[in-house]
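I am attaching a structure below and will ask some questions about it afterwards.
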Amino acid sequence: MSARRGQALKEPSQKPTLDYLAIHLNMLKLAKFEDSLLEYSKQGILRGSLHLGQGQEACPVGACLALRKTDNLTMTYRGHGYALAKGCDLGRMAAEILGRKDGLSGGKGGKMHLFDIDNGLLGANGIVAGGIPTAAGAALSAKVLKENRVALTAFGDGTVNQGVAQECFNMAALFKLPLILFCENNLYAEMTPLSRSSGNTDLCNRMAAIGLKTIRIDGNDPLEVYETVAQARKRAAVGEGATFIEAMTYRTSGHYQLDPGTSYRPKEEVEEWRSNSPITRFAKWLVSSKHATPDQIKKLENQADKEVKKGFEFALASPAPDVQEASEGVFV
Amino acid sequence: MSARRGQALKEPSQKPTLDYLAIHLNMLKLAKFEDSLLEYSKQGILRGSLHLGQGQEACPVGACLALRKTDNLTMTYRGHGYALAKGCDLGRMAAEILGRKDGLSGGKGGKMHLFDIDNGLLGANGIVAGGIPTAAGAALSAKVLKENRVALTAFGDGTVNQGVAQECFNMAALFKLPLILFCENNLYAEMTPLSRSSGNTDLCNRMAAIGLKTIRIDGNDPLEVYETVAQARKRAAVGEGATFIEAMTYRTSGHYQLDPGTSYRPKEEVEEWRSNSPITRFAKWLVSSKHATPDQIKKLENQADKEVKKGFEFALASPAPDVQEASEGVFV
Amino acid sequence: MTYGQAVKSAIAEEMRRDPRVVLMGEDIGHHGGMFQVTKGLFEEFGEDRIIDTPISESGFIGMALGAALTGLKPVVEIMFFDFSLVAMDQILNQLAKTTYMSGGLSVPLVIRTQGGGYKGAAAQHSQMLESLFLHVPGLKVVAPSSASDAAGLLKAAIRDPNPVLFIEHNQLYAKESDIDATEIPLGKAAVKRSGSQASIFSYSFSLTLCLEAAEQLAKEGIDVEVVDMRTLNPLDFGTVEKSVKKTHRALIVHESAARCGFGADLAAQIQEKLFDELDGPILRVTGADHPLPFAKDMEFASLPTVDKIIAKVKEVLA
Amino acid sequence: MTYGQAVKSAIAEEMRRDPRVVLMGEDIGHHGGMFQVTKGLFEEFGEDRIIDTPISESGFIGMALGAALTGLKPVVEIMFFDFSLVAMDQILNQLAKTTYMSGGLSVPLVIRTQGGGYKGAAAQHSQMLESLFLHVPGLKVVAPSSASDAAGLLKAAIRDPNPVLFIEHNQLYAKESDIDATEIPLGKAAVKRSGSQASIFSYSFSLTLCLEAAEQLAKEGIDVEVVDMRTLNPLDFGTVEKSVKKTHRALIVHESAARCGFGADLAAQIQEKLFDELDGPILRVTGADHPLPFAKDMEFASLPTVDKIIAKVKEVLA
């Protein structure tokens, strides 16, 4: 496991015209969005279990930046970040997660089932690996319909051991699907370390043997994530097939809101990763590389705060859905 | 795909005290057993579809020779050979396949569900990959109970793409199970060639990346099969874990009795493999290497004939099961 | 035209009509399907639209969902109904729930499969599992008993914007009937034989056994009505109600197991809504509540037969 | 002792009693289970007997079958009932059929899982799917409603030579009751409240709602009997019959969906066997026939509640 954690960030190799401040803002928005969720959960306003992506913000932000609006995406219960970064309206997302009428699915889906087809979002998922086939199918349709569209599916390290994931990895290779298999390797599946879930802990090695192009990257560096996904997107779009990206990262929080995340992980490990969290590190780099002043960073934080607050105001102002709607909408 | 088909057989490297004639006899018995099944199927005496292992006789015979009676085994619909070679009574097997009272399961299981726990047989299976977990579980119990016992599961090339197979391959590596994953790569899954089922057609390469020890062998050479399985058994028994064996072979008949097996396979390919079928080749070698005279071979054929006939006589003399037994035996 | 050919012709017509219709499954393309139902389609439509898959049902059924959400109308084949069990999460947790959970996305796809016993295929190659797909909400479920229903209903299924499970029966593939080119709307039962003394509700192959039983009963002067449910979800309770109100006696016949089966469900609904119309209990002839045995006599003893239906009708009338 | 603790104590006792009992599942060992039900067992029994698995339900449940056939008695955990759908082939085609297909092999294993809504976990983390496992024959199915039943029935399940699906309910884990150390035989319902005017048949968490409803009805002078089915297969029809013969009116309550559900099945059986005993139709309060919505009011509108049960009892008596 050679996560390049702790390494200093470098200027991206090919300088794309990236808006670094926007990237930072997006990570901040995500972090603050999740902070709010946790707060509402504690207050009992948000129901059910809550899986935060704290410490993994660079993955969704970097990955979605490399995708187009028409590209498709599936992710997991830990997927708020992908929805936001893919362009989902923050207020409607918050409304869904709080079970309100103006939510993305009118309050029917809830936080594990975020859909937003206008932004290509084909669902978060409550079943480990459950959304991988959906993304593979979207890639298949792009291929069959000859549309310039790719699909990305985000999932965790533990997920590769679910049969359907392997079935799709093989078909992605076999059919040369325009698919990006984006694995957020945060070293644990719930409380289980990778060494107790995979016979071969080198996931890139394991996936390469299926016939996939693979690459392991620093998943805490939004620029590296962006570049890698952009490359993978290019390959996919020109018919060169699927890429498995292993983004090394770490959730600084627990598996879900009631898990402190400490009993099964060494304290030093948590500390080390926490001090190298994508946001902290990127902020430092922005300043040290003169892409932003500390003042600008502060402003971004305020802006993120404001946007998130506004979103939740919208959500909280939205009424509960009409109860009778519960029995409607099984079929269109 | 470097099947060593057509190659001349060599004397086994480490000379075990093998009874070559018994090996040949076992292959002959299997072939004749299946000839009879086909005949009874044509006559309408045997019901349902019938999946023959013609041309693949060296696999079960070689593999089971390396196993002990207490070792466990699961296989597929194409698994008559494993049952026979593992020591199953031929008559009771025939009776089961003909749906008689004296069948292994009293006629309830049928040919896709051959069980014989006294010989370690934990079932043939109608579901692709369905029996792989059973064997893995038997290996697990051997490990937990510290019994000197291993398990072997036989399956086809197409089967590796079924999710549950991959789940078990990973757990076999992860838990270092005393398990032998015996893949009869006959190049086709039903009518689908390997190149249209696996993103990487080098199955050993694919499985090695899961963390398994792998080896590709000539699956038409019973001695090579025997030696390989014996090695794998040794590894398993001393706690070194699971081995994936890719035995290159070919079914000279169709996928099942109504498939001539010709529409989707090149004529030359079928011919070439047919002329190198395990039985033909082994008989030649026995004679040329002076392990047997042509006369002895002839005698073995007669003996096989006789034993198979006797088995079917037993089976045909067995009555149909009592109808009221149908509703019994869901639970013990 | 046979039932099998009717299925093929419906697929072919829909594929010609709508370029978004694609097929997926094992050995359906190059080979034309294990039962030759898709034979020839590969030649006409090519490998872009007829996709041979590895033995990865869970994966490719889930892919069909993704494809359906993004512009295609996949018709996916599960070779034997029994094999659907390897793909239940994708079917029941994913594609059956997507429309509801997403607040209204359309999932236009059809899962075609075939099931049924009476052929010596034993416990893992004979099951009719429709009730599992009726219990977990989110799929339309269709099980035609004739070539013409198969053609008409399959067209409707392919045109439907919702996921449809289309269940063919092995024993029906060779059955002939005239078919016309019209679509038959989902959710409509059909009275296949009108009668006055009792109502038999059935579908798929069992329905044909019921018609045979009704013939024979007629010779004994017993006049029963036979209703082909055809679509099992949505359920056409209106037609059931009309029939029960006429005959006041009901029998339900299906091949799948009794417990928590379609018949249990329909019986519960009938007694709930039409209690006062009933002159006696609703009875059932169903597959047995144990795995299907292999040996012939045991197998037939475990499945509906004409004789059992006749005997049960007499019980219903007793 | 709470229901959760009762489950743990039963497991621990059986593990002490019989060295062949092992546990398998995700995060059950080192971590002690997502609901802490197996907390501490790893420390007592060690990694040979408490096996943490990868997220490969199909694989490890199938492995439990192989282990059960070769000397172990595995107790396997599926973290949420919903996840059982990824393992249906291994459960229903393999382990439920092995005894029958093999002509009598014993398959001593228990699948433990927990399900249930009322907690904002939406469509994929709330399902009660017992009816699927009742339809396909071959499993014993148990769904206790109290700590003491949980302990007694789990012991019996672990000792049973057959595969048992043991269904816990999320809303019950914290529920307290006294437990004694005795095994409760599978296949026996329990009259949890005796009454004369109507019979309510239920199980698991819903049963507790029925008892509450019965309390409240009693205050209105309505006297209902509440029967806890406890074991859903084999079904204790004898106890059902006795109750129906006393009250002549029946209501069935469960959280799972109505169509092809346990209630449909029981209603069908009651009207079939006890038609003349019934003074009115058998009614049901069940989970809704649609995926479970997330928002609270919608969720509760889709599930049994005390109010709904009270109203339905009044309908039954009308």
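Each chain gets a letter, A, B, C and D, in the order it is written, and its residues are counted from 1.
The rule we apply is simple: a contact is a pair of C-beta atoms (placed from the backbone, for glycine too) under 8 Å apart; a residue touches a chain by one contact, two chains touch by 3 or more.
This structure is a prediction, so every number in the text was calculated from the model and none was measured.
Visitor: Could you give the fewest steps needed to travel from subunit C to subunit D through chains in contact?
Guide: Graph distance in the chain contact network comes out at 1.
Visitor: Where the centre means the average of the CA atoms, what chain is farthest from subunit B?
Guide: That would be chain A.
Visitor: When the centre of a chain is set as the mean of its C-alpha atoms, what distance in Å lies between subunit B and subunit C?
Guide: 36
Visitor: Could you grab the centroid distance between subunit B and subunit D? Build each centroid from C-alpha atoms only and quote it in angstrom.
Guide: 41
Visitor: With chain centres taken as the means of their Cα atoms, state the distance from subunit A to subunit B in Å.
Guide: The mean C-alpha positions of subunit A and subunit B differ by 46 Å.
Visitor: Which subunit C residues reach two or more other chains?
Guide: 54, 56, 58-59, 82-83, 85-86, 89, 93, 100-101, 122-124, 137-138, 288-291, 293
Visitor: What residues in subunit B touch two or more of the other chains?
Guide: Residues 103, 108-109, 113, 125-127, 130, 161-164, 167, 170-171, 174, 196-198, 329-330 of subunit B touch two or more partner chains.
Visitor: Which label fits the chain touch graph of this model best, line, ring, star, complete or other?
Guide: Its topology is that of a complete graph.
Visitor: Residues of subunit B touching subunit C in their complex?
Guide: The touching residues are 47-49, 96, 99-100, 103, 107-113, 125-130, 158-159, 161-164, 189-192, 196-198, 263-264, 320-321, 323-327, 329-330.
Visitor: Can you check the complex and tell me which residues of subunit C touch subunit D?
Guide: 58, 82-83, 85-86, 88-89, 92-93, 96-97, 100-101, 122-124, 127, 129, 131-132, 134-138, 233, 256-265, 267-269, 271-273, 275, 278, 280-284, 288-291, 293
Visitor: Looking at the complex, which residues from subunit C come into contact with subunit A?
Guide: 20, 22, 48-49, 51, 53-54, 56, 58-72, 74, 89-90, 93-94, 98-106, 137-138, 140, 161-162
Visitor: Enumerate the contact residues on subunit B facing subunit A in the complex.
Guide: 161-167, 169-174, 196-200, 205-212
Visitor: Which residues of subunit A touch subunit C in their complex?
Guide: Of all residues in subunit A, those touching subunit C are 72, 74, 103-106, 108-109, 113, 115, 117, 122-123, 125-127, 130-142, 144-145, 147, 149, 151, 163-164, 167-168, 170-171, 174-175, 329-332.
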